Amino acid sequence: MADDLVTTLADLKEKEALGIVQKRLDAGEDPLAILDDARRAMETVGKRFENSEYFIPDLVYSGEILKEITDLVKPKMTKDVEVKRLGKVIIGTVSGDIHDIGKNIVTFMLDVNGFEVYDLGVDVPPQQFVDKVKETDSSVVGLSGFLTLAFDSMKETVEAIGAAGLRDKVKVMIGGGQMNEDIRKYTGADAYGANAMAGVSLAKKWIGDG
Amino acid sequence: MDKTEEKLEQWCSAQGIQFKDAAAEEAYKKRTRRLADAIQLKVPDRVPIAPLVTFFAPNYVGLTPEEAMYDLDKAYAAYKQTALDFEWDTAFSHLIAFPGQWLEAFDYKQLKWPGHGVPSNRTYQFIEGEYMKADEYDAFFADPSDFLMRTYLPRISGVLAPLQMLPPLRMVLPYYLGLMFMFGVAGAMGIAGALESVVKAIDAFAKHSASTAAFGQELASLGFPAIFGGMTQAPFDTIGDSLRGTQGIMLDMYRQPDKLQKALDLILPDAIQMGLISASISPSPTVFIPLHKGPMGFMSLEQFKTFYWPTLHKLMLALIDQGLVPMPFIEADYTDRLEIISAIPKGKAIYWFERSDIFKAKEVLGDRVCIKGNVPSALLCTGTPDEVKAYCKKLIDVVGKGGGLIVDGDIGIADEAKPENVRAMTDFVKEYGVYR
Amino acid sequence: MTEKSPQQLYDERLKRVNDAIQLKVPDRVPFFPATHLYAAKHVGMTFEEAFYDSQKWSEANKRMILDVDPDLFFSPGFAVFSSGQAFEAVDFKQIKWPGHGVSPDHTHQFVEGEYMMADEYDALLDDPSDYAVRTYMPRIYGTLQPFTMLPPLKAMLFGYAGVGMTALLAMPDIARALESLQKAGLEAAKWSGAMAALDAEMAALGYPSFAGAAVVVPFDLVSDMLRGMRGTMLDMYRQPDKLLATLERVLPMLIGMAVSGSTMSGNPRVFIALHRGADGFMSLKQFETFYWPGMKALILALIDAGLTPCPFFEGCYDQRLEYLNELPKGKILGMFDSTDVFRAKGIIGDTMCICGNMPMSLLQTGTPDEVKDYARKLIDVVGKGGGFIMGCRGVMDECDPKLVKVWADFTREYGG
Amino acid sequence: MANDLANTLADLKEKEALEMVRKRLDAGEDPLGILDDARRGMEIVGKRFENSEYFIPDLVYSGEILKDITEMVKPKMTKDIEVKRLGKVVMGTVAGDIHDIGKDIVVFMLDVNGFEVYDLGVDVPAQEFVDKLRETGSTVVGLSGFLTLAFDSMKTTVDAIKAAGLRDKVKVMIGGGQIDEAVQRHTGADAYGVNAMAGVSLAKEWLGGAQ
């Protein structure tokens, strides 16, 4: 039964998955167990994305199904779900750029891989990254950008982190659009990730994956 | 002579163009011939360089994107100076530096632009959104233009919001009954006021269009053919960009694939029309098709084959059928779908690659289509002239072998590209790209 | 006895009419003359003035209604549905109106034509509003001819390229066309406002108006406005499927039009002029296939929406009366032209209220006695047991005011 | 074979009828023979209309098929077809009225019943009727009208015929819309026809040709 939800959700069978959740709730099962299964399913989705079996539409769709499951389960919950997290990552699309598709994928993948992700959204000024690092004490920052204007915004963000005296406490990774190794050098970031999986690997390398 | 050849020959003949002098005429004819040869996979005299330019031109002359979008004459001068300084094989006008007055008068919601949501020194950006909701397909099918007029336009333009109070336009069909109804409502709702704003907006855009048309004429008279003649979109992108949004269209592939498919088929004839109409006013037979939502990662190969490619394929074939040369800008990475997109008649299209493995593309597609690209923006913005030259050398050596290459940046010339790098790219191609 | 207030009179008249519609016996036979342009003749002005001068036209109607004293009056805005100024502003081709194609003393007339070609069904079905704007409107409004140059309206969806298409709207020809449309819209709104004001004034004086909306059945929409009579007839043989698909497609639009029109006016009676379904215009089999389904569905939908359909059965329906019994009882006001209403009473008398069929010839060229005799027969036979409203066979444009008075007085006296 | 075309046309089988014509032309048959069959087919259509088996759409459709046949046959014709006609009738919708449906049916029925019909169209001024009667020597005129304004136009037309001194030479029939005996008396016409068949009967009565 438990396995059922994991595979059905991972296989993106929306109706079946929701049916299973409804049945389990009706049977009085612990909502937390259901959410845990769902989380495991999302991990599978992430794996499949990594292996190029799944693509962005699958992430989007699985996210939608997960949202529906959460909506079903939430009213029955008496205590908050607590998941052990590997570590904290701040992520955002840099100043001047409002593209969010790439950033959202990285957020998704970091999340299903067990990280606590602080997503600052798009067009994020350097100071906001700095403030969030201070506030959360995160040790990894991911800068996303699609347009070529992001080259400079990333550079400015890394510099702002430096000016705040945080440069040696955090690792900065960049990615998206036209980014590559050359741009990493230009911006002074620690690493460039060619895709979301690379971002996850970097985070694991820097934070350790428990 | 097939239709493509006929059109290209017509282009090369430079008929109807008033040249400044004989040198300009010779240069124009040489350039069009060079491009026509590359398109038809013949060996031209040298590798053509035909970059698309967005805000690099204003940046290059020290104008902000905001100024370029609000001052038509300054924009004109900036793009002209850029074209004359670099002397590429084509010229590109300030066509996509949309007039700010137009966007303002329409209270346009789908873009943020310099001074309106983005800083004055930045390019405009599209605002993703579900401009058509998941349950609105049927309304769209029942009367597409009515949906656009009364639902879509009010969503993308504040000024056009009163349109939602109009009765459907199809109501004019029932004779004076409909007429009376429509006029009465229109009058009562103060559509007239909105109309004035619209007239103002349209006027701003018309001035802009006239200015870019004049630009095309002047640059042609100076020897520079236009980079493309017409423009259209892949049906999947039209539905995804303009209506359903990225997230919406992705969900539709699972939840309502039949409706999505129907919408794609419905819009295809219009996509073809767009290409034909827009190209009909230019001597250049190329049709620019920016592709957005079909690359690796954005969908599986299977989804690409099912949803993206069929209507794009039909679109390109329909354009080729009329002798036009489709020029898809293949954004992001298509390396795993090169075989699929190779199903295209030989020597009749230009594939402009961004991040695909362009060298592999040469292997797979080199004997079918002319390849355009792809000097990385990263290099142009942050690299050195030597690095740029090294990349261009490899491009010319490998992709340019035996013809069939047009050099451009991966996304055109990046807005923030360093002029010395662009200079290096230009000079190097002109020198090293000569076929001997 | 104290004089009745206008409100009381209004209620009394409406109850009289509603009793008849509900097939009950009213206090006396209700009187509904389809005056149309008759007010002009009644006061001695030209039809042309009626089309161009809303004030004169309103005053003429007010005077005429007070003289004739009907239980339902035919709203002047239904006769002159918009002003000559509005028509001129868009160079309206589908009608000739007094002083503009027909004599200043003659009624407006529809110009029969193939406004949609035989091979255009798909275009209409695929994108009705686009078809309306780029193909149909340029054909019926001379000033909108430039709309034929527009790209498909769906072009606006095509990103930057679509945006570029809006520049076409600034072409001087297109701009002029839009201006003419705007001008016509303002003129039409002005006219509609004046007509609505008159309806309100008459209501305050105690007179309910006949209908608040008008609509046509699907077949007539295609036959009148689109394919023309000849084209539609050929389509019944050559492309029946496309014709049927179109009939189905336009039905919801017609229902919507009628319902919103009624909502706006607050009057539940919906006028439905039936044109091309009469005896002779098609076989019973064709009637059953092409005409009746849409007509029935429209009528049922209106009843469902709480409205009162008022079909005018132009021509003769003697062969088709049985079909009408499929409709709900006591919900419809049926106006009849040359149908044998004396026979019809026995067939559909339990289904719908019958209104009509005083011959126009008598009201125009007859004698007072002839008028009375016919009216008496109508009241005796068709009015028996209620469910009857005194009316005439067509519109009263040329009627003799003296005979109209005879008719009105006699109906009130004898119909008590 | 000959019978076939008349009946196929009469049964409104468009494709089959045109196919037959094509075959007969290819076989070198006399075009006049084909047209004569078609004419007989149209007569059957007229009969069926008279018997209420056929209705206006059938008349319109048969007319279309006949037009197609004539277009196919015409190029092969060497001499004009000559049909014996029973007599001449002038037809028109009277001044001020542009409705032509009823008038067209009467024209059709008179034609298939062997009359030479001069169709003046719609909104025809009184004088034009007079002129046509003089020109053709017709002795029957049919006035059609749909609107009530036609009552007076018809009267004006009959008066004009009288003023031209032709009243005793021609018979006037009227019909359409709201027309009835009362209107006939008002206009001074000789007869009122309730439908197209009545018009044909009147013409036959006045011109002869009743079989």
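Note that the chains are named A, B, C and D in the order they appear, and that numbering of residues resets to 1 at the start of each chain.
Please note the rule applied: a contact is a pair of C-beta atoms (placed from the backbone, for glycine too) under 8 Å apart; a residue touches a chain by one contact, two chains touch by 3 or more.
Remember, predicted model here, so these are calculated numbers, not experimental data.
Visitor: So which has more C-beta pairs touching, B-C or A-B?
Guide: Output for the comparison: B-C.
Visitor: Which whole number of Å gives the spacing of the CA centres of subunit B and subunit D?
Guide: The answer is 62 Å.
Visitor: Which integer distance in Å separates the CA centroid of subunit A from that of subunit B?
Guide: Computed value for the inter-centroid distance: 33 Å.
Visitor: From the C-alpha centre of subunit A to that of subunit D, how far is it in Å?
Guide: 84
Visitor: Measuring from the mean C-alpha position of subunit B to the mean C-alpha position of subunit C, what distance in angstrom results?
Guide: 51
Visitor: Using the touch definition from the top, which residues of subunit A touch two or more other chains?
Guide: Within subunit A, no residue contacts more than one other chain.
Visitor: Multi-chain contacts in subunit B: which residues touch at least two other chains?
Guide: none
Visitor: For the protein chains shown, what form does their contact graph take: line, ring, star, complete or other?
Guide: line
Visitor: In the complex formed with subunit A, which residues of subunit B make contact?
Guide: Those residues of subunit B that touch subunit A are 112, 118-119, 122-123, 125, 127-128, 246-247, 250-251, 253-255, 296-300, 303, 376-379, 381-383, 387, 410-411, 414-417.
Visitor: Which residues of subunit A touch subunit B in the complex?
Guide: Touch list, subunit A to subunit B: 12, 14, 54-58, 60-61, 64, 96-101, 123, 147-149, 151-152, 178-180, 182-183, 185-186, 195.
Visitor: Help me check something: in the complex, which residues belonging to subunit C touch subunit B?
Guide: Listed in rising order, the residues are 81-82, 86, 94-95, 110, 126-133, 136-137, 140, 151-167, 169-171, 175, 178, 182, 184-186, 188-190, 192, 214-216, 221, 224-226, 250, 253-254, 257, 260-261.
Visitor: Help me check something: in the complex, which residues belonging to subunit C touch subunit D?
Guide: Contacts found on subunit C: 96, 102-103, 105-107, 109, 111-112, 229-230, 233-234, 236-238, 280-283, 286, 359-362, 364-366, 370, 393-399.
Visitor: Provide the residue numbers of subunit B that touch subunit C in the complex, in ascending order.
Guide: 95-96, 98, 142-146, 148-149, 152-153, 167-181, 183-184, 186-188, 191-192, 195, 198-199, 201-203, 205-206, 208-209, 230-233, 237-238, 241-243, 266-267, 270-271, 273-274, 277-278, 290
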